[in-house]
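Next, two complexes with chain A in common: one pairs it with chain B, the other with chain C.
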Partner chain A sequence: MSKRVAWLVVGAALIAVFPWGVGSYVDYVACLALTYSLITVSLNWVMGYAGQITLGQGGFFAVGAYVATCAVAHYGWALPAAIVLSAVATGVLGLLLGVPALRLQGHYLALTTLFFSLAVPEVIMALPSLTGGSNGINMPGTATLFGLHLSNLRAAFYVLVVLLVAIILVDRTMLKSKLGRAFMAIRDSETAAASVGIPIAVYKIMAFTASGVVAGLAGGLYAPIAGYLNPATFDLWLSIYFFAALIVGGLGNVYGAVIGGIIVIALPQLFSQVQNVSNILFGGILVVVLLALPGGIADWPRLGTGVRWLRRPR
Partner chain B sequence: MLATLVVAGLVAGAIYALVGLGLVIIYRTSQVVNFAQGDVSTLLTFVGFTLMTQWGIPYLAAFALTLVIAFLFGILVERTVIRPVAARSPIVAVGVTLGVALVLNGTSTWRWGTQVQSFPAPTSAAGITVGGMTVSGGSLVILGALALSVVALVTLFGYTRIGLAMRATSEDGNAAELMGINVSAISGLSWGLAAVLGATAGMLVSPAITLTPNQLDLVVIRSFAAVVVGGFTSTLGAVVGGLFIGVVESIVAGYAPADLTNVAMFVIVLVVLVFRPQGLLAAEETRKGLV
Partner chain C sequence: MAAPPALTVSGLTVRFGGLTAVGSVSLDVPGGGRIGIIGPNGAGKSTLFHAITGRVRLTAGRIAVDGRDVTRWSMSRRAASGVVQTFQNIQLLPSLPVLENVMVGGHLRATYPAVLGFFGLPQVRRSERNLAAQARALMRRLELLPLERRRVSELPYAMQKRVEVARALMVMPRILFLDEPATGMNDYEKSFFLEVIRDMQREMGFALVVIEHDVSFLAQLVDYMVAMSFGQIIARGRPEDVIASPQVVESYMG
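Up next, the complex of A and B:
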């Protein structure tokens, strides 16, 4: 136990000094990585625990970011209220997107949610008076989160770390509760889950709603950190990156989700010299993980156990 | 106005149908929705581009050579990464095809860059004028290619032993295997055919929309919608769905105050999947992805 406490203290200390040890560009990248980790953790609730494929996370992220920015810029909302509004809006969207999930599974759900993610930037483009259209929109610099300017990246870093830790604690608690067990029962066999009296429809919709709320929170926090939003940011590939990040990190593992979110941001930064080589690497890692390490990087001690798949005749 | 939009939509729809046919062939034999189809097509279109413009091979010869490369490439992709995971959960299958998509998209960008390339047109013929509307030579080639592909596939499926084996595989893979059909070879063959159809569509549409590593992604997204409408197991459905989506897109783009094509696609996909998940033209599916 004391060893664990020691590790926690060391880890917390490292995280606490991190923003002072690096330049502001790395601070920004770290904030992005934390934001992506939040979204991957929320994706894990739907995909990893409840077993429903979704490519809708990019859409939630976009809606969250735009709702917060529009509420502050056009309607003079205070930033905390605007971020809460983001979470409510994406929660409602998640609830609505959960409804088709009652009828659809597998590839069909993946396609439907992918089209949702594609439709969101188009709606943003179609409302230029509200969203600025293709010119984008600025988050007013005066917006503060209880006195903190999130454009100050060190402040933003700590806010995101605290939120991520809080969400991980929620995740851990949920996993041990009736809710988490119901999600996983649905994932493993819907028929078995239904036969022991789990209301599948209710839990599927809850998974999508909760996931939407967290992705919207991440979007709402991203808005003041980035300071400027443009629909081009939220393209086809964004949702694919979130999906891939979760699988690379570890499907069904909250720490894997965090690792995946960090990797998907860090990889392009590490290989920024060679144009788009990060996509080749990331796609390659995704394929290799699926073939050889189904539990993702978080499951690295079992590297290679999945390779039997390559040899197993069909 | 409307007639012009419909004709333009049919031409675009023919491209969606060509790509969609590939998606259907793959789905029928391996129950995988190939999210990499767009980037497979893009990479092969770039290969054709290089053969035509840099190696100076005449258009038709380069086109044919690209299709041969496409066929082999499709088989290669199936054999190396798809086959080991095809029997696992849909999340794994979707993940692998997305991984392939990322690798191929990165490869196209790395090798050919993001600058806009103009792809050689199949014909400089002026086309024909019917009732005051001009249909360009390129558009006629696209419609002809769709017709030719449909005839070829109908012949293949209906009148050859390989086609019979493919149909048996899509009906019931285990039973087909027991009858002595080499199911995994059939799966490879279908990925090869799908890549050929994707390369054809890519090389025919690129003169009109120019060529960049991401240009075909939206084309293929429309093809997904087309296949959802027609049904993932229906060859005819892919054609009808493709033409339908092309016309809808054209009309929405012509009349809507803003570009809401993807919103229209989302609504169509949602309505079709929720109310008739097997698609409009496919027989009801009893398992595999549907409740």
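Up next, the complex of A and C:
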């Protein structure tokens, strides 16, 4: 038994007992944090690996949540099928959102995807017969995932942990394939990528599509956990939080993405007593983290260089 | 009828705004041939390369690989047809280790559908193992093997140039274009490089086109030379004749 296995066992045991050791409010926050981690991991595929700036992740999340809820509430779909439908829908949207990335870069691409995230709640508001408009919509309490009621937060916690671990494994596997290499080649040098025959357009669209699928899955799972959806939940802030989570956690690092997703949920909880200034405090902390660790929290082995940089600004 | 040349360039012209970088250049590269290109800075050598490999759009002209018109093909599609180049300003993947930088050259020979890369299926693993073995074989030839796990951004310039050549060879080129391969190399590195590239060319059978300022280095590598000045070919023929031709001497002096 190596040290690594021992750590894995200890970690797994801690995660397994976690929902039993805390109150239901913390359980809810933990489920939210895991959902955010999933979405930040998916964002990392587009931004961290393929190097395309996007603010569209909040839009995918919203569409995923609403598609699952509408499929169950209006059309009587079984929850697993509804969640698959969410992933397919956001995959298609990801594919479409990838198309501008073929012509646009940097700020222009960010702006295009930002408008996507802005448009989604507007569209939800514009379709009240389907989405409930500003009144919101309820996920029927009868919906179960293979017998599990996800409104039971302990069950939801375990489902999310399993999905997150699975996606992390997919992430690690992908990086060791031609797919991961092609993404990173496009990020580092499109010229280099093209010079070895990588069809850049195809891979950019694949990154957006895969990212959309995972964010949609997360949205589909979030719907029964929350039980109620309201367009106000899915404003532009959401996309900015995912973006911030990835930058703070560490662009291009799956564990950084996981940590970032947890932090953007957990940190504001600490200042819940001071609601009106929580975003200011949050922003301040982000700035300090990024000054100390320009590569994000996943870059912690280089903390020394960041701290030196703080002491003597160049 | 004789086989068509590996590469046929006819009337290739590249204009940037009002500036003619390359003006109606025609050039045949026979299969397995070795051609050197010399000329002063700004003569249009790199632009000619970029137009042939698809990095730069040509204003006029035609490019054919093995008799097939590729003029309208994208850079990646031309690479797939065997037209591969290294760059004067090295284009590596700085955040990745040397091994991955070389393996990315085998992208087209990874036989599985890209989507399967998300899942660790046996066919993916097998294909990746093969690519890694091929990459390591090339890296051994270029004496890069001990640097396998190092990020390329940590390597000295001359080593980075070797990594780029290894990646280009990994594509299994039909015609390989090297843009100033010897720049930044010392005499030992130049003679090492000369030997490796000659051996690899003999074994793999690709045609070689090389831009280089070090004319004596180039003369040892190629058996045909082209001199360019102001976007035009001003002399062509055997290396010693081209180097000594009055037009070439004048373009360098003048």
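In this section, the second predicted complex is superposed on the first by the 294 of 314 C-alpha atoms of A that agree within 3 Å, B and C clash if a C-alpha of one lies under 4 Å from a C-alpha of the other, contacts with A are read in each partner's own complex, and residues count from 1 in each chain.
We take it that a residue touches a chain if its C-beta (ideal position, glycine included) is under 8 Å from a C-beta of that chain, and two chains touch if they have at least 3 such contacts.
These numbers come from a predicted model, not from an experiment.
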item	value
A:Ala210 touches, of chain B and chain C: first, second, both or neither?	second
First, second, both or neither for A:Pro100, with chain B first and chain C second	first
Which of chain B and chain C A:Tyr108 touches, first, second, both or neither	first
Chain B or chain C, by number of chain A residues touched	B
Touched partner set for A:Gly283, first chain B, second chain C, both or neither	first
Contacts of A:Gln273 with chain B and chain C, given as first, second, both or neither	neither
Which of chain B and chain C A:Ser195 touches, first, second, both or neither	second
Partner chain(s) touched by A:Leu118 [first = chain B, second = chain C, both, neither]	first
Set intersection of chain A contacts, chain C complex versus chain B complex	none
Footprint of chain C on chain A - complex, ascending	170, 173-174, 176-182, 184-185, 188-189, 191-200, 202-203, 206, 210, 252
Residues of chain A defined as touching chain B within the complex	47, 51, 53, 100, 102-108, 110-112, 114-116, 118-119, 122-123, 125-126, 236, 240, 243-244, 247, 251, 274-287, 290-291, 294, 309-310, 312, 314
Chain A partner contacts - residues on chain B that touch it in the complex	32-33, 35, 81, 83-87, 90-96, 98-107, 109-110, 113-114, 183-184, 213, 217-218, 221, 224-225, 228, 232, 257-263, 265-266, 269-270, 273-274, 277, 288-291
In the complex with chain A, residue positions of chain C that touch it	53-55, 74-77, 79-80, 84-85, 87, 91-96, 100, 103-108, 110, 112, 114-120, 124, 128, 131, 167-168, 170-171
